[in-house]
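Multiple structures are listed underneath, in structure tokens.
Two complexes come next, and they have one chain in common, chain A, joined by chain B in the first and chain C in the second.
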Partner chain A sequence: MASVTLSDISKSYGKVSVIEHLDLEIRDKEFIVLVGPSGCGKSTLLRMIAGLEDITAGKISIAERMVNNLEPRDRDIAMVFQNYALYPHMNVYKNISFGLRARKMAKADIDTHVNRVAEILDIKDLLNRKPSELSGGQRQRVAMGRAMVRNPAVFLFDEPLSNLDAKLRASMRAEIKKLHRTVETTMIYVTHDQVEAMTLADRIVIMDQGKIQQIGTPMEVYQAPANQFVAGFIGSPEMNFIKSRDGITLGIRPEDIYLAESATLDKGKNVKAVVEVVEPLGAETLLIAFYDGIKITAKLNGLIDIEAGMEVKLTLDMSRAHLFGKDGERV
Partner chain B sequence: MSIGKKRAITAWCFISVPIIYFILVRFYPTLDAFSISLTDWNIVGKKTYIGFDNFIRLWHDPVFWQVLGNTFEYLLLGVPISLILSFIIAHSLDQVRFGHGFLRACYFIPFLTTAVAMAWVWRWFYQPVPVGMINLVLGQLGIKQLDFLRSTTEALPAVLAPAIWAGLGFQIVIFMAGLRAIPQSYYEAAKIDGAGAFRILREITLPQLRPTIVFLTVISSIGFLRIFDQVYNMTQEGEGGPLNATRPLVLHIYKAAFERFEMGMAAAQTVVLFVILLFITIFQLKVLKND
Partner chain C sequence: MTKIKAPVSPFRIIVWSLLFIGAVIMMTPIIFMFSASFKYNDEIYELALISSEPTLSNYIYLFENTEFLKWFKNSIFVALASTVSVLFFDSLVGYTLAKFRFRGRKLVFIAILSTLMIPTEMLVIPWYILARDFGLLDSYIGLIFPGIMTGFGVFLMKQFFESVPDDYLDAARIDGLSEFRIFTQIAMPLVTPALSALAIFTFLGNWTAFLWPLIVTSSAELFTIPVGLSSFSGEFQSEWEMIMTGAAVATLPTLLVFLFLQRYIIRGVILGGLKG
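And then the complex of A and B:
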């Protein structure tokens, strides 16, 4: 039960400024995802909330209590690390109960708590194993168990899925989402993967160069990106940008481009382009084509019959186009 | 020839050099010592086979037992003291950013200094007033003067101190490498989990350092069991006195071999030392590694 408020936060290492004047209000029980390219300051921000990094200026509050000078253990938070940080010499039970033992909880209570968490995460059979005897996905669960067992006010996740293969990542993503519904606790999740951000978040915070570029629900940031950076970062494949002579940039997503022959649009703009690469993905086919020297990526139906080198007529759905000014901001 | 075979031949070509070296310079003399220990030999004359007579003489020699006792005293005091000291220093140095390199160098320099020079400087430290520094300081503090190397009870610790000090630099560097190898995230996770400094030390740092501790215990045990330079250079005439109070086994072997030329006797003692080293090392590896 806790909101997290960051007001006017700055962080610098010597002369290098990592985060400048950042404000962020995270609501109670919200699942917030911090996303951005590497070096954008998202992990630093998370570590400042955790108390693992000092803040240079500003104020951090958790549950309306200022925590700037509180040790990590006094902030009522738990964190899941990218490499899981499971203690290799302890078995799963000891790993999960470490925090409870550190807080001098009675043995019987520790047992109850560990078993409850092991039940939820389906790791009851693993309690006597060492981390080295676990698969990646199992380690991930144990790391979550260690975080959950203390019933913290806020969960912090630092790229927890980046060491897993694609299939496992997808299933763990679903589990984390389920976990959020079960425990109803504020969660702050850092990732560089926009798919994770889109699927998990109540609200996404997109960061670049130490600044927040946009905050919004997944659909908001996708449908109405605040600037060209957000537009390019969210969505895969990346949005196409076509610069006009007056400095305005037109942005159009690959899925808003159709083959002219099969399109029936009211506000369509037709262009002729030469296909350079065809990437069939099964359900859909990606077309990389050049129009007037500009690269355009189109996401088309999977059943088209086009080869590289052919000239095609594409229709851009202008009702779904985005316009950005000279400064990159949405017009 | 297959690629695997070619590689194996190349590897063996390289390995054969140290293998030949070890056979000629290490293993052969060791095995030879076993056979010499069963003879009476004065290094130039003929070896006479006398069976286990040397060992029987050792068994009935009170000086040998005293020397053996001294050797174990060096071991049992030296290993724990040096390991605890070096761990404390390494752990503290690990937290220090300012002057880190300089401090580390300060601790490492004694390891590079010759034992002879160091022993003589320490010998001078231990002198009575007005020459000896330590007694000078004690005197100024109004504390009773200590006899150090002249006392049968104080001499052994007095010789041990520079031996510990000399090896400290090496142990610190190894400990620091071990500490550096522990991922930072373990400490961060523990801090978030609410563990205090002592719990982190006991439950994370020390268990993680286990291989380092095993290595240093074995290496320093062997070192203290073979202590020689400091004793030879710090005691009167290199006798390991007063009254054999500081004489370790290796010095005793040296005296038998190169002053009395009782090569058989010296070899017998070498065999005893070999067996002791072997058993202690195996024991330590078994106990400390069982995980």
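And then the complex of A and C:
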């Protein structure tokens, strides 16, 4: 059982508070993604779980054992870093086996472990190479191998895919997901990329300004965002916000807006808007239009014959609209 | 495809000429040193590069009739011991200053840095008093102790360690290494170019050091080469051919050290493990 419990965690650097009174319960074998804009404290939180950063107040438990005062090596965790941090003076084999050698494992056992991991990650041919002789994707695999080889209770990932190109990122994402199914271990993953968060997570933790804004499954945070921040952060393009005079904000996702002529909705609201930008993406078209001075982005199916400057009638699907109060919280 | 040779620009000709002149200025004394080592005493003031009667007698005399071998061993010992010590302690302090946050860190660094402003000539008196009070005069430890650590090395190593990404050290912490082993097994190999440069500076500095070894030693068996060679120079006459022969032999280890270490300076190891 490797659950991770954070109770009333705070972190400050001098007078600057980075994380305040944070509580989080991560279940055994769960894939948790911490997501948020840069500076929201997600990486700091991960580093605190790893033991690389002291906590100012609170309690961290891994597998029901308090680890506040334990060194990183004694926490039974492994971490994959954003820039991989493979030791440049060691070959792949040595990089992967380094943690085992540090723990004085027998040579034959190290060999077995490294080969098992190399097999899973398909890096057997690379074992004698230096990190500088590897491509970005290969380095990523080696970094994962180094984490996997020790069979840790918890895997920590700090934006591991952010240095890869879009195509490689998509395939590595799938591999990480597969890896989670194979090793069945608790994983905590930090990213600022909401696509990674949505596709990988069992539950997403959305953070802003050192506080958790919402915890939920990808569908929960997408369909029922707890506040305006979450609503704006999750989903691409961003949700449209229309403020009313009484301070209530209506939020509607671009994919819940249709062209009036093709919409057959029970609870639709029609608005006339002037198109400013048309972005054909192939399978869909993004329309940026202005209605009463308010910018509205619509994600329409297929390619459509509309040009900038035209007036269009859009239907907003009010059954899928979200309402937020003055304080930004969901109403 | 035919290769097109770029015309040599006037700028390059000027640069090469300047480099050539520089090389001549630097090489001439060395060439004369070697040349003089093969001459008899009566020929020493003649400028001819190759003696009319080249001889090895100076070398034979140097090794058979003087304490040169002993001085050579002393010099090797002093230079090596100082180098090893400087490499270890300077990088240890530099690493600590670069990678750990603690109260008074800046003050310590400034204090170490300020020692660079004091010339050796001013330090020999306090060193001498120290050596005398601790009973280290005319001993190996007395020869070595002022060079155990250098402010310059600490400064150099700190700058290099600052360029080592913290992620390597964090990865090693998670891999289970103690802080000292992180220093020796991860951080040190990442700064080999700096260590090589420091090793060369330190070795050469100690190999050629004259003032302190002259002051602290009094018995001939503790002389280093520069002090030993100076004993060939008397009040009324100098045995230049012996001084030149000794100096010629003394250049060899420095040449070897440089040849051996320069490839480590050229090879930049620091990149490669991080993102491409």
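What we mean here is this: the second predicted complex is superposed on the first by the 330 of 331 C-alpha atoms of A that agree within 3 Å, B and C clash if a C-alpha of one lies under 4 Å from a C-alpha of the other, contacts with A are read in each partner's own complex, and residues count from 1 in each chain.
The rule is short, and it goes like this: a residue touches a chain if its C-beta (ideal position, glycine included) is under 8 Å from a C-beta of that chain, and two chains touch if they have at least 3 such contacts.
Remember, it's a predicted structure, so these values are computed and weren't measured experimentally.
Peer 1: After the overlay on chain A, what do you see for chain B versus chain C, clash or fit?
Peer 2: The answer is clash.
Peer 1: If you stack the two complexes on chain A, which partner ends up touching A:272: first (chain B), second (chain C), both, or neither?
Peer 2: neither
Peer 1: Looking at the overlay, does A:65 come into contact with chain B only (first), chain C only (second), both, or neither?
Peer 2: In the superposition, A:65 touches no partner, neither chain B nor chain C.
Peer 1: First (chain B), second (chain C), both or neither: which does A:85 touch?
Peer 2: both
Peer 1: Look at the residues of chain A and decide whether chain B or chain C touches more of them.
Peer 2: Counting residues of chain A touched by each partner, the higher count goes to C.
Peer 1: Contact-wise, after the overlay, does A:107 reach chain B, chain C, both or neither (first, second, both, neither)?
Peer 2: After superposition on chain A, A:107 lies in contact with neither partner.
Peer 1: Using the superposition on chain A described above, determine whether A:313 touches chain B (first), chain C (second), both, or neither.
Peer 2: The answer is neither, since A:313 touches no partner chain.
Peer 1: Touching A:99, do we find chain B (first), chain C (second), both, or neither?
Peer 2: both
Peer 1: Thinking of the overlay built on chain A, is A:139 touched by chain B (first), by chain C (second), by both, or by neither?
Peer 2: It touches chain C, and chain B stays clear.
Peer 1: Under the contact rule defined above, give the chain A residues that sit at the interface with chain B and also at the interface with chain C.
Peer 2: In chain A, residues 50-52, 71-73, 77-79, 81-83, 85, 87-89, 98-99, 102-103, 146 are touched by chain B and also by chain C.
Peer 1: Considering the complex alone, what residue numbers of chain A touch chain C?
Peer 2: 47, 50-52, 71-73, 77-79, 81-89, 98-99, 102-103, 130-132, 135-136, 139, 146, 163
Peer 1: Going by the contact rule set out above, which residues of chain A touch chain B in the complex?
Peer 2: Within the complex, chain A contacts chain B at residues 50-52, 71-73, 77-79, 81-83, 85, 87-90, 98-99, 102-103, 146, 150.
Peer 1: Where on chain B is chain A touching in the complex?
Peer 2: For chain B paired with chain A, touching residues are 183, 185-186, 188-196, 199, 203-204, 207-208, 210, 291.
Peer 1: Inside the complex, what are the residues of chain C that reach chain A?
Peer 2: Interface residues on the chain C side: 165, 167-168, 170-177, 181, 186, 189-190, 269-276.
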